[in-house]
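Across the two complexes that follow, chain A remains constant while its partner is chain B and subsequently chain C.
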Partner chain A sequence: MLFTSWSFALLVAALVPVYYLVPKRLQKSVLLFANAVFYAFAGWGAFLLLLFTALSAYGFARGIGRLWDGQKETLTLHKTDWEKPEKKAYRERMEHKRRTLLVLCLVLHFGILFGMKYGAGILGIVNGWFGTAWDGSKLLLTMGASFYTFSIMGYVIDVERGKYPAERNPLNVLLFGSFFPILVQGPISRFDTLGETLFAPHAFSRENLEAGLFRIAWGYWKKLIVADRLLVAVKQLIRYPETYNGAFVLLGMLLYAATLYADFTGGIDITIGVGRLLGIRIDENFDRPYFSKNIAEYWRRWHMTLGAWFKEYLYYPVSVSKPLRRLTKAARRLGDGFARRLPVYLATFAVWAVTGMWHGNSWNFLVWGLCNGAILLLSEECSPLYARFHRRFPKLGKTWGYRAFTVIRTVLLLSSLRLFDCYATVPETLRAFGSMFTVWNLPLLWRGGIQSLGLHFADYAVSFCGVAAMFTVSMVQRKGRLLPRLHRWPLWKKLLLFGALVLTIAVFGRYGFGYDAGQFIYNRF
Partner chain B sequence: MKHSVRTIGIWALAAVLFCMSFGFVQRLVVPKYQSKSIEGSLTEEYYRETLGHDVLFVGDCEVFSNISPAELYRACGIASFIRGSAQQLVWQSYYLLEDALKTEHPSVVVFNVLALKYGSPQSEAYNRMTLDGMRWGSAKIGAIAASMTEGEDPVSYALPLLRFHARWSELEAEDFRCLFQKQSVSHNGYLLRADVRPVTRTPTPAPLTDPHLPETSMEWLSKMASLCKANGIELVLLKSPSIEPYWYDEWDADVQAFAKEHGLWYVNTLTQNDAIGIDYTTDTCDMGQHLNVYGAEKLSRWFGEELKARVQLPDRREDEAYQRVWQEKLERYDTEKAAAIAAQEGL
Partner chain C sequence: METLLEILSELHPDVDFTKEERLVERGILGSFDIVMLVTRIEEAFDVVIPARLITPETFRSADALYAVIESLGEDD
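Now for the complex of A and B:
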């Protein structure tokens, strides 16, 4: 079921009143039913896989939880009669058991995800090598699998770490894994934070209703007016890389930056808005990322939940893992600086390689990830240089012009890297990137080039207004969140704004017969 | 209490304002079909009629191009209307007839059989031109459900803004001029054309993959026959004169068999060319696909006489109420015909 379909609107419109009208103890059941309806549209196979993932993760977490409980009981029982070494040995045994269960769980579920993402490609290679004819076309990534697998595995890891006890109610784990607004494109949620609000009973509140509706309308506004309109031009630019090179690549880069932002943040706004209608607080996934002054800051503000997941469940564990500690120790022979950097470098590249692989099953994404990692490390290495520069020119950093420069520099850098996301192969991407510096065809843009991208002047005008509106909203958000302020507005003002949002979507949105206002870009990840 | 009354008032005012704005924008962006694709206006023009009709024609372009109700009235005294539009499918004709029968009771319904060749929905654009002008009711809902092609959305029929919103960047002066009032483009459903493009070649028909008309079409025809029977209306099947699209003997045999089975009169005018007097060097406006006004008047006179010979129909020329209304219609018809002929001669 797509967010842009009438069936989705109908589901939400029916769910909200039913959710508040049923007794509070039944609210979770209503949500579970809505999740099943939503996911059933993706096919029964996908639904059963989600069910299996949630319930098997529940089983693993319960197993790990029991080991924790057993450990606590045993240690309490032998508090006095066991010596420290005995206790330590016991703890290590139990930890080994828990780790074994966790590894089994991770291998199983990430294995399934890997199979869905890469199975078809691997089978293609195997068929090429051995002349076999295995059909990999059925190994397709099911809707939201990347998102719910990460969320659910995060839960199992947390239980293994003893962050919180294993959930006793399997339906709660199922509800957490299948909560339909976050299935399409995240955010990747944490069991403790989302669970707290997801499993709690909720009473109807006008504030939630208002905030939810505004958030949803703003999400659709960005998606249908800006993202889907600019995507037409972006697709055209990518489809003919030989024709559209030089200045067109730069234009494509900027258009894609706006498209991706409007599409992804629009989808997340709808997600958070639907949650809010039900009184459920879903984690924010963006914090005005295009205002970042460097790439590290950008990644702390873009797709925040994915970044946080990788940091907590991959970067830190890899950094402090035994093999890496051993390697660091060995590297000391080559100098302290090298040894200090080695775990950081390796963990960073590991995280970014996986991030790239998470995004797609082509070399482009792997290279994209590694480039991000390399730039982050380079930026870190250069930080003493920056510090010295700012000490030399202490006032420069505070000027509006310098800040604007850093923001634009970051956007351009990120947009260049995103070319890997656009073009089909790494060489094609590099050729396109290189053409920006070797092909001088800027005047062609004005001589019919822009009009050849499938958009009319009016479309560009609407897109420009859309981007200006998004920029304005982001500027306003610098002073704090917008919705609480909006809530304090008089009713007539709120209704006027909401009506204007809906009406402008109805007129300027790209949807309906003849349009493909369906998929969100991040849905395919 | 005072506060809640104020809140309700604001909500009500906002709802009214929103509906009005939405309605206004919707009116603005929906195509007006006044100078381009004017066939799109035909369905809704029926609702401007003040008097009933003795004969209703239903079908596709072969009725709205080939039959002139004005000539039918002038020559034979028959009050008729054409409920036809471009590529009007048989189930759409059925529902348009069902819709018409809610407000009037004709003696004869004439269905042009060419549309029987389509057994499934064909084109979203033609669907919209036929269905958007229909008044809301069970007939329209049925017609929409039966007609939608893949990717069409029933909600957009209720709220056409959702379908035509992209026209905001193509709006023309006509869209503003005809915002609240549209001119009639037809003469009781007939689109008058005076241009002549003679037939220059005889088409070679492509071999049929299936010699029979689609079952779905025949089922809908059956329903139409039942509807007419239930209302005491005589259903007449008509194949209008044309060179193209080709009317196959196999299809003709199917229609003949159907007519025989249901006791209907089937008129294949392709076999009556000499009697009607159609001359494809002067009477067609597009090389034999449709008749121009000269051909349409010939066919209307001939068909009117044939109809009167078989079915007892009142002569509405003697009815004062009809006289008044039809006098106006004839005047407009003659003026526009003269203008169209003059425009052609001036070319």
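Now for the complex of A and C:
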């Protein structure tokens, strides 16, 4: 069920009144039922897989939780008669047991995800090598699997780390894993933060209703007016890379930057808005990322929940893991600076390789991930140089012009890397990128080139206004969140703004008969 | 505490770590800094910082970090 479908609108419209009308103790059951309806549209196979993931994670977490409880009881019992070494040895034995359960759980569920993402490709290679004819076409990635697997595994890891106790109610874990607004494209949620609001009873509030409706309308506005419109041109540009080279690649880069932003943030706005209608607070996933001054800052502000997940559950554990510690010690012979950098470099490349693989099953995504890692490391290595430069010119960094330069530089850099997301193969991407510097065809853009991309002048005008509106909203958000300020407006003003949003979607949005509103880009990950 | 402040100052000489309370939130300590910091702290204090303790809360200020280092030496 797509966010841009009538069935989704109907589901939300029916759910909200029912959710508030039933006794509060039944609200979670209503949500579970809504999740089942939403996911049933993805097919029974997908539904059963989600059920299995949530319930088996519940089982593993309960097993780990029991080991924690047992450890606490035993240590209390032997508080006085056990010496320190005995206690230490016992704790290590228990930790080993918990880790074993965790590893089993992670291997099982990431194995399933890996099979869905890469199974068909691997079988294709095997068939090519051995002449077999195994059919991998049924190994398809089910909707939201990349998102819910990460959220649910985060929960099991947290329990193993003793961050909070294992959940006793399996339905709560199922509700957390299957909460339908976050199933399509995240955000990747944390059990402790989302659970706190998801499992709590909620009373109807006008503030939540207003905030939710505004957020949803703004999300659809971005998706239907900007993203789905510009995507037409982007698709045309990448379908014919030999024709659309040089300046067209630069145009495609910029159009795709706007498309992806409008698409992904629009989807997340709808997600957070639906949650808000139900009184449920969902984590933010963006913090005006295109205003970042460098790539590291950008990755702290774009798809924040995925970045935080990788950092907390992969980057830090890898960089302080025993094998890396041993390697770092051994590397000291080659110099202190080298040894200190080694864990950072290895963990960075490991995380970015996995981030690339998470995004897609082609070499493009792996190269995209590794390039991101390399640029982050290079930028980190250059930071003393930047610091020296700013000490020499202390006023420059505070000027509007310099800040604008850093923001534009970051957007161009990231947009260049995103070409890997657009083109089919790595060589094709590199050829397209290189053509920006070797093919001089800028005048072709206004000599019929722009009109050949499937959009009319009016479409470009609407898109330009849409991008300007998104930019303005981001500028306004610099002074804090917008919705609390909107809430203080008089009712007539709020109705006017909401009406304007709905009306502009109705007039300029790309939908209706004969037009299939596109799937969200991040839905395919 | 002095040793910790020295290590922190080596990373960012321009930051007053005795006053700063939002080191991670304000982007002063990034993920690269944190890994380097963990290595340096482990060498200087002869402790092992487990991955579960590498969180924004641990690194939000020098005081918070020092409290975690001290707690590592304690028994249950």
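Operating definition for what follows: the second predicted complex is superposed on the first by the 524 of 525 C-alpha atoms of A that agree within 3 Å, B and C clash if a C-alpha of one lies under 4 Å from a C-alpha of the other, contacts with A are read in each partner's own complex, and residues count from 1 in each chain.
Methods note: a contact is a pair of C-beta atoms (placed from the backbone, for glycine too) under 8 Å apart; a residue touches a chain by one contact, two chains touch by 3 or more.
This is a predicted model, so every value here is computed, not measured.
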Clash-or-fit label for the pair chain B, chain C on chain A: fit
Touched chain A residues, chain B compared with chain C: C
Touched partner set for A:L108, first chain B, second chain C, both or neither: neither
First (chain B), second (chain C), both or neither touched by A:H456: first
Chain B versus chain C as contact partner of A:L482, first or second or both or neither: neither
Contacts of A:M357 with chain B and chain C, given as first, second, both or neither: neither
Touched partner set for A:W492, first chain B, second chain C, both or neither: first
Partner chain in contact with A:L209 - chain B first, chain C second, else both or neither: neither
Which superposed partner A:R510 touches (first chain B, second chain C, both, neither): first
Distance of closest approach, chain C and chain B, by C-alpha atoms in Å: 42
Footprint overlap on chain A, where chain B in one structure and chain C in the other make contact: none
Residues of chain A touching chain C in the complex: 75, 79, 84, 87, 91, 161-163, 296-297, 300, 311-312, 315-317, 319-321, 328, 340, 343-344, 347-348, 376-377, 380, 387
Partner chain A, residues of chain B touching it in the complex: 7, 10-11, 13-14, 17-18, 21-22, 25, 29, 124, 151-153, 155-156, 161-163, 165-166, 168-169
Contact set on chain C toward chain A in their complex: 14, 27, 30-32, 34-36, 38-40, 49-52, 54-55, 75-76
Chain B partner contacts - residues on chain A that touch it in the complex: 6, 456, 458-459, 491-492, 495-496, 499, 502-503, 506-515
